[in-house]
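Order of writing sets the chain letters: A, B, C and D. Residues in each chain are counted from 1.
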Amino acid sequence: MALPDELQELAAKVRNWGRWGDDDQRGTQNLIDADASRRGVALVEHGRHRSLAIGLDEKSPQQGGAPGRIAPLRTMLAVNESYTGVEGDCAFNDDTVVMAMSAGTHIDALAHCTYGGQMYNGFPAERVTASKGATRCGADKLGPIVSRGILIDLPAVKGVERLEPGYAITAEDLDAAAEHARVTVQAGDVLLVRTGQVQLFHGGDTYAYNHDSPGLSTHTVEWLHAHDVGAAFTDTYIYEVWPPQDWAAMMVVHMIHLRDMGFVQGQNFDFEGLAADCAELGRHEFLLTAHPEPFTNALSAPVHPVATF
Amino acid sequence: MALPDELQELAAKVRNWGRWGDDDQRGTQNLIDADASRRGVALVEHGRHRSLAIGLDEKSPQQGGAPGRIAPLRTMLAVNESYTGVEGDCAFNDDTVVMAMSAGTHIDALAHCTYGGQMYNGFPAERVTASKGATRCGADKLGPIVSRGILIDLPAVKGVERLEPGYAITAEDLDAAAEHARVTVQAGDVLLVRTGQVQLFHGGDTYAYNHDSPGLSTHTVEWLHAHDVGAAFTDTYIYEVWPPQDWAAMMVVHMIHLRDMGFVQGQNFDFEGLAADCAELGRHEFLLTAHPEPFTNALSAPVHPVATF
Amino acid sequence: MALPDELQELAAKVRNWGRWGDDDQRGTQNLIDADASRRGVALVEHGRHRSLAIGLDEKSPQQGGAPGRIAPLRTMLAVNESYTGVEGDCAFNDDTVVMAMSAGTHIDALAHCTYGGQMYNGFPAERVTASKGATRCGADKLGPIVSRGILIDLPAVKGVERLEPGYAITAEDLDAAAEHARVTVQAGDVLLVRTGQVQLFHGGDTYAYNHDSPGLSTHTVEWLHAHDVGAAFTDTYIYEVWPPQDWAAMMVVHMIHLRDMGFVQGQNFDFEGLAADCAELGRHEFLLTAHPEPFTNALSAPVHPVATF
Amino acid sequence: MALPDELQELAAKVRNWGRWGDDDQRGTQNLIDADASRRGVALVEHGRHRSLAIGLDEKSPQQGGAPGRIAPLRTMLAVNESYTGVEGDCAFNDDTVVMAMSAGTHIDALAHCTYGGQMYNGFPAERVTASKGATRCGADKLGPIVSRGILIDLPAVKGVERLEPGYAITAEDLDAAAEHARVTVQAGDVLLVRTGQVQLFHGGDTYAYNHDSPGLSTHTVEWLHAHDVGAAFTDTYIYEVWPPQDWAAMMVVHMIHLRDMGFVQGQNFDFEGLAADCAELGRHEFLLTAHPEPFTNALSAPVHPVATF
């Protein structure tokens, strides 16, 4: 069987199947409701924005680590091409792209991870097919995020530049960071969990960035569930701690988050500039808007998340 | 030369080169400032959202009309693939995509259209190359949009289901729609210009949708400039009216908007649900959030725009 | 069950499972042996060549008929790009391509079609996976073809420009064409079955070309088996006759050829110039060389077949 | 200017412009004539084949070294997909691919390299465009190769496992290898220049394979010209020696071969098995068939070359 007993118990405890109806394909996205949106919007004071995305280009963290995942390859269909052929006339530039869905900053579909032959809400894993993709729980089912975002600034709390690779974030860490942020986490809030790992990517060491990393863990699952967090995003490639806490339960956070909780998660976010903003402005909450690209039946989706103060 | 005299005069009149500095690559995106963002945010009351994007899949409006533009082809890299190979264990689903940048709802880079050997702000057209794309005025230079959105509901104003193909929208139309919306357009507002043309796409007649269409025209250029509109998006494929008002000045709106004004424009938006929302709620202004995917040096970029009431 | 009784009997009669060993993944490619190669080579007299491929470009017969199959989209990675940046210095042009494997002239992998949960030689159908492709009977297992090619010129035999759409070729037709060609078909010969259907493609009517077409049929299966034909290629998109002879046994030729016989087949060949050559030279046999591109675990493979007289 | 004086002289000496007409786009492919084809065919005795291609898959030598060049990514469009949905019924497997044209064993288009604003036969370099590719001297203009192949087995001649990285092959080396092969090189012969470098690729060290390598050089240009060699292929990634003999004349062999001689060249061939065959059979000449995939206006083309004894 997929998980050791105690993790099965954990999974059962946080399982949200049926919570929003038997047909639900959105999981904790349901928690990001009108109240959460209004709570986020109410935080806008300066009209100042911070993009939380990394660039989509050949420097993508996807460099062959996972089979078939390729960095965005953008090529030109036309370069200053004139319809008339006359020099100086109107000319167009046009392009095309091929990429792994998860090449950059992205959000996971709930269908991304299954076990026991089932995905979130009990849909059969076979509802994902080679020709049609995720006919249940595709990334396009999630929809827009407009909510309060909270920076969980773990390096700031711990007084380090970045967390150590392999560090499993704890519930206590989340409590400390929320306290540091002077916020009480409410249903539908979105946590931006900063580890600082993305510094390695910016520094050009994509391999280090992609491999051993700090991350969410079995210690944080219940906390996220108990607080009815709407979504949590990280500045790492793997999302959960790596190497795994237990090799016999590899990818356990993906398993429980996506399949049991229906939890909205995403990776390759960049919180470095955001941390500076928060420090400067003296607050760690803001409006977060993040609308995944609506790729039909996709297993993940590119998203450009933006914090507004 | 590229344009008849009177259109050259028009272009000169609305030209924004140097307005935001000689290095500026963002054009009217600069108008979408803190005030505009706060104005938009202040409109949120219900916490209710409306996606303005069409789905990204094989039904895309890109069906070979423009050379090389292909609909999104999303294929699977893994279907319920287990690392362990044991039935029931954790399994992953993963995918990849190839598509024209402009395959769905997108925003144009200012570098998308050039003439006279120059793009916006006087940058040489040669700054777009086959290997690097738009090294000036790429779509990634624009950045997030958080502003007041205004629905310009032309079919509602005119009492028709949708505008006729080939109808050139006028300044009077925009005035009438703003009045109908009971708004005074301010600097940095974003206009969502509804023609109803997207009904053809939803009805399955992609060919009709892609070809003859109503659209913005030489009649609307000065109005958009005079009102310091931040951006205007349409529910058509071509954006401007088609067939052109004058075949000798084909694509003139693209030419003047992108190259002279540095105007932020986008296509294949869907305003049908939005129009219903506005009618129901009795207002035509809302928070608009639309963050183009940050493809480095891209000539256009997918965007998922969302209206929040 | 997959096939009506009499077709099950036919399938059983021609089934080659185990004939070349339990591990064999090459089927009738095994018949194209040293003798066949020498027989082909011995026919070269003039050193004159005829390409039997259609061009690989946006005019490909793949135009969305089958889900996800796209025409080749070739884009440039660099256009006269100099390493030094100095005008006139060495400059390179480079390109990339995305396409359906079957976009042009191609050969089918034996794994392309399965039924009853099995592919050729009894391998489980599950040996084809989303992440790895055809781990058994991939197109790369077939290898080079060097053999005697025989033009089966059905329009010439029947005195028509091309066969009618929907015409099911018969064993008698093959006999008549072999007699017309003045050849005795031997083990390992490769039949180039000309119907003339490709004229529709050349004429620009891709839709007509892709749909109703003449083709091989249940009438020809035993003949091909009895003569130990090495491979048979057609100048059509579907290969077998369309509409099917019996809708309850749709794609029956693919089923029996690929899964039961392990028969090497291919489509979108062009025999128009070849027919002219044969008429001019007064013979219908020649050296055929056709080496499928070695895409690992592919379900079909592009091939550039060439006849040499 | 592009080349030092003595290399300009060399280029002038071997320049074939106009030799086969002012419209010629095939260069030395013209030398592979009926005689050459018959000479090749006459060598077939055993009907025994050797593929000279490397596999097309994610292990491709294209690993990001050259901008935008990606390894073949083959994904499934359908996995055992039944039209009827009934278990056991006819089911299809289908796939698609994206790749750099030069991802595997390939042939260069004559338009691949230009200098002084011109390509082979004096065509303007501008005849290559972003939207259309090589409208002159594309890879599709070359056509099939059926000729005598000669293994130039340099490691065998020199008694080493493989040539040293950085070794510039000389005219004397070619003479010695031809003598070792006991052949007199004739017009239209195709040289398969074995360095052994591909052993590094097979050993998994793609980086070493792709970088410093032995190769053809300025010493071999005149020899190839004087002997009217039809084409020469190597078992290396770069083709010519690397690092360059003179950094001021980087890629000089590409420059002179492609632009001045119109010489047919190709890379990433595999001659390890061939060398064993030749040693076993006691001869180094054979039939070579190699038909580049007919990608319209391509800058290089995949090819599956086969030696037949």
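Annotations
Following the convention adopted for this analysis, contacts are C-beta pairs under 8 Å (C-beta built on N, C-alpha and C of every residue); 3 or more make two chains touch, one makes a residue touch a chain.
None of these values were measured; they are calculated from a predicted model.
Looking at A-D alongside A-B, one finds more C-beta pairs in contact between the chains of A-B. When chain B is fitted to chain D on its Cα atoms, the angle of the rotation, on a 0 to 180 scale and to the nearest 5, is 180 degrees. Looking at which positions face the partner, chain A and chain C present mostly the same ones, since more than half of the interface numbers are shared. The centroid of the Cα atoms in chain A and the matching centroid in chain D are 45 Å apart. With centres defined as mean CA coordinates, chain B is found 26 Å away from chain A. Each of residues 67-68, 70, 73, 75-79, 96, 98, 129-131 in chain B touches at least two other chains.
Across the complex, chain B is touched by residues 58, 63-64, 67-68, 70, 73, 75-79, 81, 98, 129-131 of chain C. Across the interface of their complex, chain B is touched by residues 1-2, 33-38, 41, 44-49, 51, 53-57, 66-70, 72, 74-80, 83, 87-102, 104, 109, 111-117, 125-126, 128-130, 133-134, 140, 143-144, 146, 250-252, 254-255, 287, 289-300, 302, 304-306, 308 of chain A.
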